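Quick heads-up: structures coming right below.
Note that chain A is present in both complexes that follow, paired respectively with chain B and with chain C.
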Partner chain A sequence: MFEALSQSLDPALFWEYRQTLAEGLLRNIAVFLLGAALASAIALGVGLARMSRFRALRAVAVGHTEVFRNVPEYVLLVWLHYVVPILLTKAAGARITFDPFFSAVLALGLAYSGFLAETVRAGILSVPTGHVEAGRALGMPGGVIARRIVAPQAARRMLPEALNQYVSLFKATSFISLIAVEDVMYRVAMVASYEMRPLPLYTGAALIYCVVIITATTTIRLLTDRWRRRGWV
Partner chain B sequence: MAEPPRHLLTVRDLRKAFAHHEVLRGLSIEVDRGSVVAVIGASGSGKSTFLRCLNYLEVPSSGEVWVDGVPMGFSLAADGRRQPDPPRELARKRAALGMVFQQFNLWPHLTALQNIVEAPMRVKGTARREAEAEGLALLRKVNLEEKAREYPARLSGGQQQRVAIARALAMQPKLMLFDEATSALDPELTGEVLDVMRGLAGEGMTMIVVTHEIAFARDVADRILFLNDGRIEEDGPAAQVLGAPASEACRRFLARALH
Partner chain C sequence: MLGNAERLVWGNRELILEGLSVTAQVCVVAFLLALGLGLTACLVRLYVPLLRPVAIGYIEFCRATPIFVQLLWVNYAWPEVFGFPYTVMQAGIVALALQSSGYLAETFRSGIEGLAPGQREAALAVGLTESQAMRRIILPQALLTMAPSIVNQLVVVIKSSTLVSVIAIPDLMYQAMRIVHQWFEPIEVLTSVALIYIALIFAISATARRFAEHLRRRYGLGGET
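For the complex of A and B:
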């Protein structure tokens, strides 16, 4: 088996298709970046809404978080890409389809907004009330306290957890070939069937993901260790 | 009550209830400029709530607090009618009272100096250069000038509390409130904080000090209030309240506290 594996890691084949594969990887990175931005923006709104004075707003935020934390990313992806356009088509009376790239960003953005909203909320709640009271006692208006006292501390406390969520989000980009986004997995499958040699290419894809993710998590660990040493998180 | 009171601090019939529990049951005091008032009493007697109502961190259920002729929480219109203060106005008034907390409450993401200059810069609009010069002078005053660039996590509890005092002083308050400022400290660190407080009293700062340190109250306070069950049961010079208290509760409290 090891012999088969070592033969299968045929760097020449990889090199031959380097451009196709790199373009695929760029597609993953694009989905990741846009998805992460979307997820973060929604999460910030929903996380703040969960602490709103208004009950209805809190209820909507809780609903959002529960739904998107509990639906598997893959199901959400397929449902958004295939079912939502049909519903919209019926509602609008004109044929609507989603570009796979659009569906991928939307699905992953929504799926991870649920997790991240919890991270945002936990981050804000982790700031001790005493720190807020110290600001109030010094005559700071609410906006100044939110910007200068709560936000920087909450951001630092939520960052390690948020970075882990981003890593999961990047891993989840490996699903998007299932709705025909031409990402690295899609291209690997294409080349594998063309060359009739699945072993080297799928192994290569696994290695690519490993390298990207191990690099990311190592960087995160180094950063958070440094923040901890400074007493920031 | 047409006339604004002439004392630096005037409290009239202050009451505070949480849900159905009445914590403060009608407190009235007048405090002159430059005097140091120690507030003692058992836990749950309402000492902290009293202090927090003075700067409106807690809004009293009823009663009035006047600081240097200015009412907290409301303003008098030209026709003598009372208008509740909008949050920004209340925040501005609150800055006249500096407060020091049991848990220090320094902001951990800012250095000692940044903790001190934050409020003058953001609230008063003081220029950074000026705020930092004043901040360093205040750090010198609490003997921590060399710690200006340190984050709170690198400071001892006593050092953090001294920075917190400097931070409160940076707003040039008319009155300082100390809420059990040494209770969270290891015994060997209380001295350095009490020394700073003693120094402030010596400079003529008006102070209201909620404390368990009976010895400090005796040495520094011009006047001691004994709170019991939300009421002021003793109010007088240290010698009188500590030496010959009229109230039975105060005698019992002192017997426990001093032995």
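For the complex of A and C:
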């Protein structure tokens, strides 16, 4: 067992394949950034629609949130990649296929927009109504109230939960290799079968993710801590 | 298209139900294991100063590693190092349990730490031992406040369990992909499976929400609306 344990860490192997693996990791980061941008944009719209005056808009927003919060990410990924192009092909009459990278961004963006929409809604609801009323009493127009009173407070309260969601999103990029995006796990599997040594590679992959995520979250928490506390009542 | 659905989905209902039952088994066993591991990790972190760094390391590792990576790691690396797990089923269960135990440990910790310290002090003052106070005073109250997050974690386990199909555990997703590969007609099967998952998870989270609301009204704690 101890021999196996010492074999399970082999930095030299990672150094040898550093370029392949780093390329894969960059692809994960690209999917993560685009997916996070897409998710945030949709979430903002849906979160606001949840509080709209129009019942139909609210119903659509609730439907969106329930579907995307409850569907497993992997199922959504596979469904978007294999089913939607066929449906579009039938509708358009021309052959349509999705690039795996495109499907990955779309699937993860949609999946996490459901969670983030809830975060947006909770953040906005957490702003005391008295603040909005005070703004109105001072004669501020609605847009100014939203921009200067609600948004800054809501954003601060949303941050910790939104950060958790972004971490989950980044972790979810690990299985986009399943629709053949050449991400880091794809490369790891490639090298593992080429070298016939799955042990150090999978252990290393787990450690890489662990280090990347812990470093990123700690840094972001430290950097945003002061901003978040500013103007805190 | 409806004829297709009948042939592909209804015609394969036995496979699909079989997959669903494997999914249920994997999720239930993994979740129970995760509860045990999570509680242990949390108690060690809180009450065993000597082993605290180990517990923190374990919790952080479980939380910061994606489930898919853990799954492959447990499946490919563990047998060589520990001589365990013996089957893919065990590997899938262990990986799912590992991931969730980290989150559950943190849930338990916030539940226990969120309790007013006076509760424990009062229990000790009336002559209960530490472990009696934990068992009879602290855990029951903490469990009430933690109930919603614990159910949320069950939902996460079910969602993550779709990935165990990758290491050839014949769960719902695995059977779906098998049917898809057999007929090359993904629309009906994948859509049905997605709907089954959505319905299943929606049912659990809706029940959990009502249950949390019930607890909140009955005991005046737990659950936010």
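Rule of thumb we're sticking to: the second predicted complex is superposed on the first by the 218 of 233 C-alpha atoms of A that agree within 3 Å, B and C clash if a C-alpha of one lies under 4 Å from a C-alpha of the other, contacts with A are read in each partner's own complex, and residues count from 1 in each chain.
By our rule, a contact is a pair of C-beta atoms (placed from the backbone, for glycine too) under 8 Å apart; a residue touches a chain by one contact, two chains touch by 3 or more.
Computed from a prediction, not measured in an experiment: that's the story for all the values here.
The superposition on chain A brings chain B alongside chain C with room for both. In the superposition on chain A, A:Met190 contacts neither chain B nor chain C. Figure note: vertex chain A, arms to chain B and chain C, all at CA centres after fitting on chain A; angle 100 degrees, rounded to a multiple of 10. Of the two partner chains, chain B is the only one that A:Ala137 touches; chain C does not reach it. In the overlay built on the shared chain, the residue A:Ile86 is in contact with chain C alone; chain B does not reach it.
By the touch criterion stated above, A:Leu125 is placed in contact with neither chain B nor chain C. Between chain B and chain C, more residues of chain A are touched by C. Between chain B and chain C, the smallest C-alpha to C-alpha distance in the superposed model amounts to 23 Å. The interface of chain A with chain B does not overlap its interface with chain C at any residue. Those residues of chain A lying in contact with chain C across their complex are 1, 4-5, 7-8, 66-67, 69-76, 78-79, 82-83, 86-87, 171-175, 178, 185, 189, 192, 198-199, 202-203, 205-206, 209-210, 213-214, 217. Taken together, the chain C residues at the contact with chain A in this complex read 60-61, 64-70, 72-73, 76-77, 80-83, 155, 158-163, 166, 173, 177, 180, 186-187, 190-191, 193-194, 197-198, 201-202, 205.
Within the complex, the chain B residues that touch chain A are 55, 57, 87-88, 91-95, 97-99, 101, 103, 105-109, 118-119, 122-123, 151-154, 164, 167-168, 171.
Residues 128, 130-131, 133-142, 144, 148-149, 152-153, 156, 230-232 of chain A are the ones that touch chain B when the two sit in their complex.
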